[in-house]
Structures are given as structure tokens and as C-alpha cells.
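Submitted below is the structure of interest, expressed as C-alpha cells.
In order of appearance the chains are A, B, C and D, and numbering begins at 1 in each one.
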Amino acid sequence: MKRIASFISILVVALTFGCGKSPAPASVAGSNKKITVAFMPKSKGNGYFVSCKQGADQAAKDLGVELIYDGPTTPDPAKQNEIIENWITLGVDVIAVACENRDGISTALKKAQDKGIKVITYDADARPDARMFFVNQATPEGIGNTLMDEAGRLCNEEGEFAIITASLTAANMIAWQEKIELRRREKHPKMTMVALRPCDDLKDKAQAEATTLMSAYPNLKLIMAICSPAVPGAAEAVKQAGKFEKVKVIGLGLPSENKAYVMGGITQDVILWKTVDLGYLTIEAAAAVARGELQKGAKKFTSRKLGEITIEGDNLLLGKPFIFDKSNIDQYNF
Amino acid sequence: MIKKLKSHEAILVTLLIAEFLFFNATGRRFATIDNLFNIVRHSVEIGLLALVMTPIILTGGIDLSIGSTLGLCAILFGKLWRDAGLPPWAAAIGAILVGGACGLLNGALITQLRLPPLIVTLGTFSLFRGLAEAITRGVDAFTNFPESFLFLGSGQILGVPTQAWILLAVAILIWLIVHRTVLGRSFRAIGFSSEGARYAGLPVERRILFCYVLAGLVAGIASLTYTARLGTAKADAGYGYELLAITAVVLGGTSIFGGIGSVHGAMLGVAALAVLNNGLTRVPAVMNIASELSGVLTGALLLSALALGTLPKHLAAWRARRHISLH
Amino acid sequence: MKRHFRELSVLAALLLMLLVLALFTPNFYEPQPLLSRLTAAAPKLILACGAALIIISRQIDISIGSLFAVCGTCAGLLAAAKIPFAFAIAAAIGIGAIGGAINGALVAGLGLPSIVVTLATMVTLREALRLAQQGVFINLPEGAQWFGLAMKPGQSFICAVALAVLVVLAFATKHLAAGRFIYAVGSDAEAARLAGIRPRAITFAVFVLMGALAGLAAVLNMAQSPQVDPNSGRGLELEAIAAAVVGGVAVSGGRGKLWGVLIGLLLLVCIGPALTYAGVKPYWEKAIQGAIILLAVVADGLRSSARKGLFD
Amino acid sequence: MAETLLQLESVTKHFGAVRALKGVSFELKAGEIHALLGENGAGKSTLIKVIAGAHSPNSGSIRISGQIVERLTPALAHRLGIACIYQQPALFPDLTVAENIGLRLENLGLFQRVKWNERRARAADLLNRIGADISPESEVRSLSMPEQQLVEIACAIGAGARIVIMDEPTASLTQKEQHLLFAVARDLRQSGVGVIYISHRLEEIFALADRVTVLRDGESVSSHPVGEIDEAHLIRLMVGREISQIYPESQSAPGDVVLSVRNLNCAAGGIKNISLDLRAGEVVGLAGLVGAGRTELARVLFGITPADSGEIHIAGNLVEIRSPQEAIAHGIAYVPEDRRRHGVILELPVAANITMASHRKLFANSWLNLDRERVAAQKFVTDLSIKTDGIDAPAGSLSGGNQQKVSLARWLETDPKILILDEPTQGVDVGAKAEIHKIIRHLAARGIAVLMISSDLPEALGMSDRIVVMRNGTIAAALPGKSAAPAVMSAALGARA
């Protein structure tokens, strides 16, 4: 009997506090009510998103919006959906999310839109019908082409190269790999990708993988590290192997994490985008969308800090991927 | 023994109520029906796994591979539906049977070869996850499921999320098995003394095998609600869910050594963790560090529940020692 | 010969694998990458030795990976704050020992089950570290890498330290009373108590040792690159336990040899690179590792149930 | 006058409700074999654990070579020269014999070196001193029970102990090993060691001991030099009631054969071509020394260890018994010898224990029917007058006698045709013993065939219509019910009658 009593007491508690449906966010166009922007990285344990947040915090302060920042501690699509669904019942005005799993996240984002919450994505996109705008630091084609072209240039258009990715299942990595392969077939036929190895977003593992790759493929000419921890990891492996004349290193990574290697001539260039600007622009766009200043179909968006941003379809283009190399890397501290 | 369990549940109920009051006071729009549904919807998979982890731990065993089984079943559901062209309900049954097969492998190794469950399921933990990655070559993902299937994850029946009914149904079934059938009685007997149970004529090996196969089958069901909720099936589905399930079951008062424990205790454990995870995301002060904080608090909660559990034993020992020295 | 059957069978498997590699992918044995690969495996060897001692005393510790990350990050922060490197190393080992002591106090002191205690400490340590460090890399000062030596001597120094730890622990578990007490407690704690050994003190000491070894492993890992990655160590606990189990350490306690653990670790560590050299798709690696662990466990089951049949 | 090594003054010890020792005084002189005699459950094992420091007494004093010892621990007892050979060997199964002996004898500091060759030499020396041909390098796990017993003895001797306690050491030894042990004991006495020899077998006490103290229900009853006392007087002291303890008479003539066994063999159990018939309503006593294979036979009949060959017929038709479930289905029930490990599950309530063997019968559709369980349990609690505070009390909270009644009730609930009882009154107080005898006789009257394994000679003689004596795994003799004790004992010992 005692057990059933405890069951009933929980139900009673739940019901008495359940005071009706959660009110829709009362965001009237143009009203200067304090807007809440919910901002989510792909995973919190990643330096890349910490620098995005720097920009976001700056923008929130400038625009006077309330910023909520949360996300899974390791890349986990189910957890991203859970947090978004929590935000829906919390009643935020606009959600800006970097999507780990394109299709998975769209189910949750559509639910948010049905509840009148504006949605934009950044860094990695969801399905077009699940969000209004995508702050596109660089399209997968942009990233894939830049990486492949850089690789071609450095290996003067022929030779073997290998890719080190985060995990085999990471959605955006898969998208980049496809675009790299397309670009290779199209523009750099004489370049061949000999191997693709995962490093689980761990610098030490990337270092070990790079060492093995250089030895398994003696005439490897370039290592392409497409997740941020892998770039310094691969560079360290090349340095230790003493092969920095023979094997070039490029990849998508933070300037701050790779400065030493770039200056040391081991990593030729680090392709990225100004993550701080990405964070800043995302919050600006989110606030504008929430306040109705940015409507669907707009062609241009003026950012306080970055000036004119062209909008291609529903993508706000931060610009082409930026190449940090010996000449400019030490001007950036993120 | 039963008295000790009751006091543990009472503590857990008060903890749950305390969580409710605290988050309702400090959290934003915590106690709304929608948010309550969120809590339920997000804890269905962990709830299902905790439900079937309880009989396993009651017999004194453990299953580290249940999260990987979920992943493998999700993948095979996708494959059967997309590549083999089976209708969703047929692919679903296939996925559940695959789960049962995984459980059968664990159970057979543990009972026929008398191997320690911890190490067998540590091996199958990597094996099942490895198979899921191998089948999808790591990159492949299944998506664009028909609406009829997605209803399982996002639809509602009588105003309550569909998967909540599934969790309720499985919970009632497992509660009855553990608390109201001879099977449940034999789980406890095996947990307290497997030799004693064998001498009492209980089919020890068959009952242990039943627990692991049941765990596999329900992991298959959990893979369906997970895939429906997410709208996509990938090889990393259910990663780390086995540790969350074990945490909930131990928090619910079930002893890891076997014998003592209850299904409703495990459900209270799941509820306490789910409310904690959800509540922290709504308290303005800690919103930005909600995920990390919930990890730290879960660990602390688990340790204090354990330490509290041994308090009566240590108090008795202390009193006994003091009694002797008084003479 | 009979008593080393289990370890020798693993050695045979390893030699077979090395032979296959020699035949089909000879550049596996290129000196420099081989030395780098061994240096990268050195910290794992120290963790595997600690995990072996824990399992021999019939306990389990899955908080090794988190403790490894906490010690590495703390040492990195201290080094970055211009604290002399030697002090940072001592601090890392000290913090590890304290973490081990917490596990030990809960398991030996309160008699709580080690699987659940270390599950709780694993989660708490990992998330607390993420809360503090948010995954931001720590850049070490100039002289930190390779302990200030050049690279090649640095690498051989790290391998030497790891082997030294293995030799010392192997010696201690074979020739020192304390080592034999661990086997006694793992084999039958009540008999140990009656023989005048204090089982709880031994169990506590083993957990403290495990913590200190995790600290040392973190330092050896840190010295291999100029930056510290706070997310490091994820999954290392399962690798260490798997290496011990494949190396012949019995989960039922009281049995296992540390040189067997070395062979078990080498076998598991070689799979990844072997697949790369053989050009096998990477997504087979986890399935193969799982299969090897299961094979080792089943082999143990067949062997002991054959012998147990006599005794049961 | 030899020096007094050990002196106990009115020592008491209780575990929760169970009062194991109610006041024991005992004295041991140097160069003496002092036998401690008592029925099972009289408190012998607890007393030994108190002396060896494994349990701390609740009151009373322990004096070792003159001084009072306050908090005796295993380590302290070890240093004071007390060595103990337990019935359940306290050895390390995964370690070698040499190391087992080493760990027991050496008192090494944590960082002291282990001298392996010294250990090996000492182990070899000790082992052949007691004539045991065991290799010091073999793992204890691979040794048989008698071999482990010898290793325990080797440890005691090696410790150079001044007080050596032997707890029923000959329990599982063969004839040859027994004589070896007696020689070792006399050897120790020669060298001035005080030996406490525990046994419940009278012939060993007369052959070996100088003095004998009788223990009954946790109290030291009396102490005499062996020469001044005869067997009948000892039994009377031990059992505390007249030898001609009246056992309930059997009211019914045995019916037709219910169970017939033809040349049953089981190598694992050490059973060699057993042929046996059991009639309905008959009580057959299965006598023999410990280790004669009686429990192993019961395990084969009950399906715990399957037989290698031979036939079992129940009510005329051939049956195959491969598991306890099949045995129960054929109407066989087995009340096991080790009550606390196999008889009841201590943590489960009395009601659950009672219904545990008849789930199929009571809960046909596998739904627990708690009322039916409560009714069944209550019926037995009253019928067998089990003293428990409610049927929901855990079995562990009951006294030994009542636990045995619960175990008995469990098997009566399956209403068996054949009931095997293994040492039914072992470790049970005198009152409960009489009640159990009444119940057994009542069951026989109801037509159940009872096979009773008992080392309590008076009980076996008093209760059985027929006695079957086993030795070394086979049937040595079959004697009529009221035979004389010496005839049975000689058959058991294999001596020339």
C-alpha cells in the first residue's frame, strides 16, 4: 500500500503545478521588449565554439538582448533536440543553433517554428524548411573547394593526401568530405585521397593517426585535418617525424591553437573563418529576425561590426573562408 | 531488508518533490504541462533501459552493452526499412528481434560459460557499437521516415506523448514481472544466493538468460522511440545510455550486489535525474552551465545515495563496538 | 610452462599479428614512427598496470580516464603559470593520488561497490573539468615538451619511464610482501583477514596507487606535445581494463601478471595502425577490438570452467 | 606441572538474537591434547573463532600464558602462537601451496622481500613432515578437499605455534591420512605444544586425547581425563539426555517400493554402484563417516550433480533426473545439509522461503498469489510450531532450529513422495530436535518414503526402520532398524566386526 501512496503523491504534485499551456512568446514586431536569444554550440567541450561565444557575448551586450547559452558536453544529436525542446517550453524568442545532425535537429526546430519561435542556424545548417536563415560562415562547397584547391596548390596538383576527421558519424564532416571529393574529381584529378582516419576530436589521437599515416604511405604529400583539434595534432606529428619539407599540413582550425606551427612553417595555412565574427553576426541576425527587421527574401543585411553582408537565398554569407597563414595569423587572438 | 528499501524510496520521493519545488520557484516556466511532457519525452529511452537493467542487477549481474545494442537496433531498423524495403512496422519487429539476439549472446556467454557479466558486456559494448559503425561504414544515416513512424516520437495520444504510453506499458509489464510473478521472486533469490536458488529447484540459468534477452528486446524498442524522436538513425545512437540507466537504478535503491531493489525505485531514480537535467536549464543563474552542472550533481547524488544506504549498517556496527567497550 | 599458458597464448597472438604486418606492410617497422607509436602508448601502459592491480584485488576503476584528464590539465595550467616543471609533475601525481584516495575511502572505508563509486567519480571529475576549462587548449611554456630534452631522447626517456614503472610494479607484485598481499586480498579477502593481512588497508592503497599512476601517465602524455587538450583521456579507462583482461588478469581476482598486461596492451594498440597500414576501412576497428576482448574472456571461461569442474 | 597455555573464564558470544556461547570456561596445558566434544551447533566453531581472534567475545576473559588479553585479533593471536585449522580451509585458491603457507607463517612488513626459494623449501619440508605428497608449486584451487586440509595442518605446524586448534581435521581424510594426522598430533604433544582437538566422534577422542571437555548448547558442561570416563557417560554429557532417548515409534508397516536405484555411478561425486530400495512410509537411515559419499548420493538423486550411469525407478517406471526441477516433478524433495547456504535464503522472508520450491504448484499461471502464499506459510508455521515474529520476518532472523523447520516446510509444501533429509537435526537445540523427530515419524506415517542421512548415531538408530551404511562412496552394509551402535560404527569404519 505504501508504494502506491508514494506514486499518487508524485502525480498530485505534478498536476497541481501544471498551470496550463506555456504562453507563446509575445514578440511583437519592433517592440523594444528585451529579446531572449538561445544560442547553442555543437558541443561545449570545443575551443572553436568558445571563440564563437566571445563574439556572441559581445553582440548581446551591444544589442541589449538576453543570451542563453547551452549545449551538449559531447557531440550528441539527441541532447541537442532535448535542449531545443526545453527552450520551446521556456519561451525564448529566437533560437540560433549549430546543427550536429541535419535531419535530427530539423524535427525539433520545426516544432519551435510552429510555436512562433524564430529559428536561424550557424556553422552547420539544418533542413531549409526548419529555419529562416543560415549564417553561413562558408558553404560546404566553399570549405571543400578552398581546402582542395589549397591542397592542390601546395602539392602542385599531384600526389597523395590523407584526411583526418573527427568521428565517422559527424554530419558536417561528411558533407565536407563529399565536397572535397567532388572538387578533387573536377579540378585536381591527379591528387588521390589514400586514407581517411577518425580521431574522436582528440588532439593526442590525431597525432598518433598522422604518424601512422606518414609511415603507411611513404610518399604522402599532404595531411588535411578537418576538425579543429586534429590540426595541431597532425602538425606535431609531422614535426616529430621531421618530414615538414615533404608533408604539408592544412586544415580547419583556430588560429590561436595553430599559431606556433604556422609560424614554424610546419602548418602551411589554417583555413577558417573569423569565428568571433560568426558568433557576433549570428546574434545580430537572430535579434533582427526576432524584431522583424530581417524578413524572408531580404537581399542585404547591415551588420554594426562587419558592414554589408550579402544574402544569397536564405544564407547570410560571412564571406569566403579566410586563410590564416604566416603573414596574418598573429593579428588574431581567437 | 524490505524496511531499508522503503526508507530509500521515501528519501527519493522527498528529493523529487524538493526538486520540483526548487525548480518551480527559481526556474522559468518549469511546471507547465508542455515542459512536463518534455521531461517525459526526453527520459523514455533511459527509462526503458533502467526498467530492464533492474532485473539484471537484481540477479547480481550488470549490462554495459545495452546502449550499444540500442545503436545497433536503430541502424538495422533503418537498413531493413530503406534498403530491404520493409514497411516500418516489419522493420521495427526486425530491430526488436536483433536486440533480443544481442541479449541472447550476452546471456548465453554468462550462463553457459559462467563468465562475469561485467567483462562479457564490456566486450559486447565495443562489438555491437563496432558492428553498427561497420554496417553504416560510419557515414551512412537513415532518415525521411514516414509520418506514421515519426508519430511514435512526436505524436500524442489522448494529449499525452505516444512514447509515454509505451514507457508506461513496459513499466507496468516489468513491474508485474519483478514484483508479482515467480520470475521476479526468482531474480531476488538468485541475487541473494544463486546456490540457494538452485537447491530450491529454481532454473537459475534460464532465469538469468531471460533477463538479458528481455533487456535486448526492450533496447530494441528504445531504439525505435529514439529514432522516431530524432527523425534519423545513426551508428552513435544511445552512446553512454547504459551508464545513465545504471545511475538511475542505483539511485532508486537497488543494490548492485543483487537481491534488494524495486522497479518503481528505478523509475523514481529516472524521474529524479530527468527533472534535474530539465530544471537546471531553466534556472537563469546556472542556465549557461546546465549540462556540466547536471553531470557533477548526478555524480554527487549517486555517491550520497550510496553512502546513505550504508549508514544503518555502520551505525549498528558503531553501536555494537561502543556496547562492548562499555563493559 | 603450464602456469604461464594464458600469457603465452596472448604473446602468440601478438607475434602472429606482427609477423603478418612484417610480411604485408613492412613499413610498420620504420624506426621513427614505431618509436613515436610506442611513446604514445607509454602512458596507456602505466594506466593498464594500475588497472591490472585494481582488478587483481577484485575491484574495478572506470574513473581512470577522467582522473588522467584532470591531472594533465592541472599540470598544464601550473606549467603555463611559469611554475617550475618539476613542481607541476609532482602536483599532477599528487592530485591523482588524492583522486585515488577518494575512490579508496568510499570503496574500502564505506564498503561501497567499486563499479558504482568509480562511475560516479568518472562523471563528476569529467564534468567539473569541462565546467572549469571549457575545452580550451593550454599552451605549455618553451622547455616543457620532452622534459626539455631533444625529441628522440625525450621519446626514449618516456618509454623508459613507462617500462621502469612496469618493471618496478612487476618486481613488487612478485617479490614484495605488499604486492603478494594484493593477490591474497583478491583471491579471498576473509582468508587474508584471518592470516593477519588488513584487506581494507590494501584495497585503499591500491586505489591511491592507481590515482598516482594516472597522474604520472598524464604527465608523460603532456610532455609529448606543446599543448594540453583537456578532453584527453576519454575512453582510456576501457582501453586499460581491456588490456589487463586480454593480458590474462582474471576479473574474479587474485590472478594475472603485469608482463601479460604489456602484451595485451601491445595487441590492442597495434590494431588501429595495422588497419591503417593494411588500408582496411577505419570503421572496422571498434568491432575487431570488441571481438578480441570477447575471445580473451571466452578463452578464460573455457579454461577455468574446465578446471573448476574438478573443484566445484 | 605443565604450564597453563590458555585459560577461558565464562566467555559469552551472541550474534543478534542467537546466543552462540552462554558461558564457556576452558583450560589448556602445554604438551597436552585436550579434546573438545560436542554435537554440531553446541558452539565449538564459535569458541575456536573467539580463541583465534576472529570473533571478539561479548563478555568473559581470555588468558594466554598467564596474562589477560583484551582485544584479540587474528594478527595478535598469530603472534601469541595460536594456530588454527578450520574445517572450511581459509586458503587462497588462486595462489600456490608454497605461497599459502608463506602468507600464513611469515609476518612480513609491506616492503620486505619475499624469499621464494626459502618458501618453497619450507613448504616441501612441512608437507613431507606430515607425509602429504603435494607439490608446493601446485595451485590450491586444483587440490582436493583432503589435500587442502593437510596444507592447513602444515601451516599450523610451520607456525611453530604453542597452541594448535584442530577443528574436525579428519572430517574428509582417508584412512591413511587419518593415521598420519594422529602421528602429527602426538608429535606436537611431544614437543610441548597444547593441542585443542575438536570432534564429535568418540573413537577418535579415546584414541588420541589426554583430557576431554564436553560442550553443550554453548556451555562447557564438564572436563575429565580420558581415562576416567567411558563412552556412554560422554554421550550422556554430550547429548544431555538419557541414551535411551525415546524416539517416536513407527506406527505403520512399510508400503511398496517407491524408489529403487540400480548400480548408480557418479565419478564427480565419488559414488560407486549404489543399489537401494525405498518403500513408502519407511524411514531409512543412511549412516557412515563424513566423506563416505552420503551427501553426494543425495545430490545425484536430487539432480544437482547428474549421474554417469545406473538406473533410477520411481513407482516402477524408469526416470531420468538431470536437474532439481525434474527431481521435484518426480516427487523427490531434498532438505540440504548446509542450511544457511542451501537450505534457506536468509534475506528473503519466511513465507517466500516456504513456497520457493512449489512455484509451479501454488502459482500455476506464474502470478504470485500472496494470499495463497500467506495461507500456506501460516499453516506450516503453526503445524511445525516455528518461532518467528511473523511470516514476513527474514529467514536469517530465526534460530538454527527454526530455520531447519522452514527448510523442512519448503519441501513438505511440494508434498513429495520421497523425502531426503541431510543431517536434519544438525546444530539444532535439543527441544527442536525432538519436534523434528516427531515430524519425520508423522510424515512416514502419511506414506512418504524418508531417506535420512545422519551422523548422530543414537538418532539414526532410534529413528530408522532400516539402516544403510556407506563407506568410500559405496554401500558397505544394510542393517535392521534397532541394531546395536557398535555394529553400525564398525561397518562405517570398515573394521573387523
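Throughout what follows, a contact is a pair of C-beta atoms (placed from the backbone, for glycine too) under 8 Å apart; a residue touches a chain by one contact, two chains touch by 3 or more.
No experiment lies behind these values; they were computed from the predicted model shown.
Asker: Between A-B and C-D, name the chain pair that shares the greater number of C-beta pairs in contact.
Answerer: The comparison resolves to A-B.
Asker: Could you pull out the chain whose C-alpha mean position is farthest off from that of subunit B?
Answerer: Here the answer is chain D, farthest from subunit B.
Asker: Rounded to a whole Å, what is the gap between the Cα centroids of subunit A and subunit B?
Answerer: Distance between chain centres: 32 Å.
Asker: Report the inter-chain centroid distance for subunit C and subunit D in whole angstrom, where each centroid is the mean of the CA atoms.
Answerer: Subunit C and subunit D have C-alpha centres separated by 46 Å.
Asker: Whole-Å distance, subunit B centre to subunit C centre, using C-alpha means?
Answerer: 29
Asker: Would you kindly tell me how far, in whole Å, the mean C-alpha position of subunit D lies from that of subunit A?
Answerer: From the centre of subunit A to the centre of subunit D is 72 Å.
Asker: Using the touch definition from the top, which residues of subunit A touch two or more other chains?
Answerer: Residues 44, 73, 168, 198 of subunit A each touch two or more of the other chains.
Asker: Using the touch rule from the top of the page, what residues of subunit C touch 2 or more other chains?
Answerer: Residue numbers touching two or more other chains: 127, 130, 282-283, 308.
Asker: List, in ascending order, every residue of subunit D touching at least 2 other chains.
Answerer: Within subunit D, no residue touches at least two other chains.
Asker: Pairwise, which chains touch?
Answerer: A-B, A-C, B-C, B-D, C-D
Asker: If you look only at subunit C, which of its residues touch subunit A in the complex?
Answerer: Contacts found on subunit C: 25, 27-28, 30, 32-34, 36-37, 40, 127, 130, 134-137, 139, 151, 155, 221, 224-227, 229-232, 234-235, 272-273, 276-277, 279, 282-283.
Asker: Considering only the defined contacts, which subunit A positions touch subunit C in the complex?
Answerer: Subunit A residues touching subunit C: 44-47, 50, 73-74, 168, 195-198, 200-204, 207-209, 211-216, 218, 229, 232-233, 236-237, 240-242, 256-257, 260.
Asker: Across the complex, what residues on subunit C touch subunit D?
Answerer: Residue positions touching the partner: 3, 174-178, 180-181, 183-184, 186-188, 190-197, 250, 253-255, 307-311.
Asker: Quick one: which bits of subunit B touch subunit D in the complex? Just the residue numbers, please.
Answerer: Those residues of subunit B that touch subunit D are 1-2, 180-186, 188-189, 192-193, 195-203, 259-260, 324, 327.
Asker: Which part of subunit B faces subunit C closely enough to touch in the complex?
Answerer: Per the stated touch rule, the residues are 62, 109, 113-116, 118-120, 122-131, 133-134, 136-138, 243, 246-247, 250, 256-257, 289, 291-296, 298-300, 302-303, 306-307, 310, 313-314.
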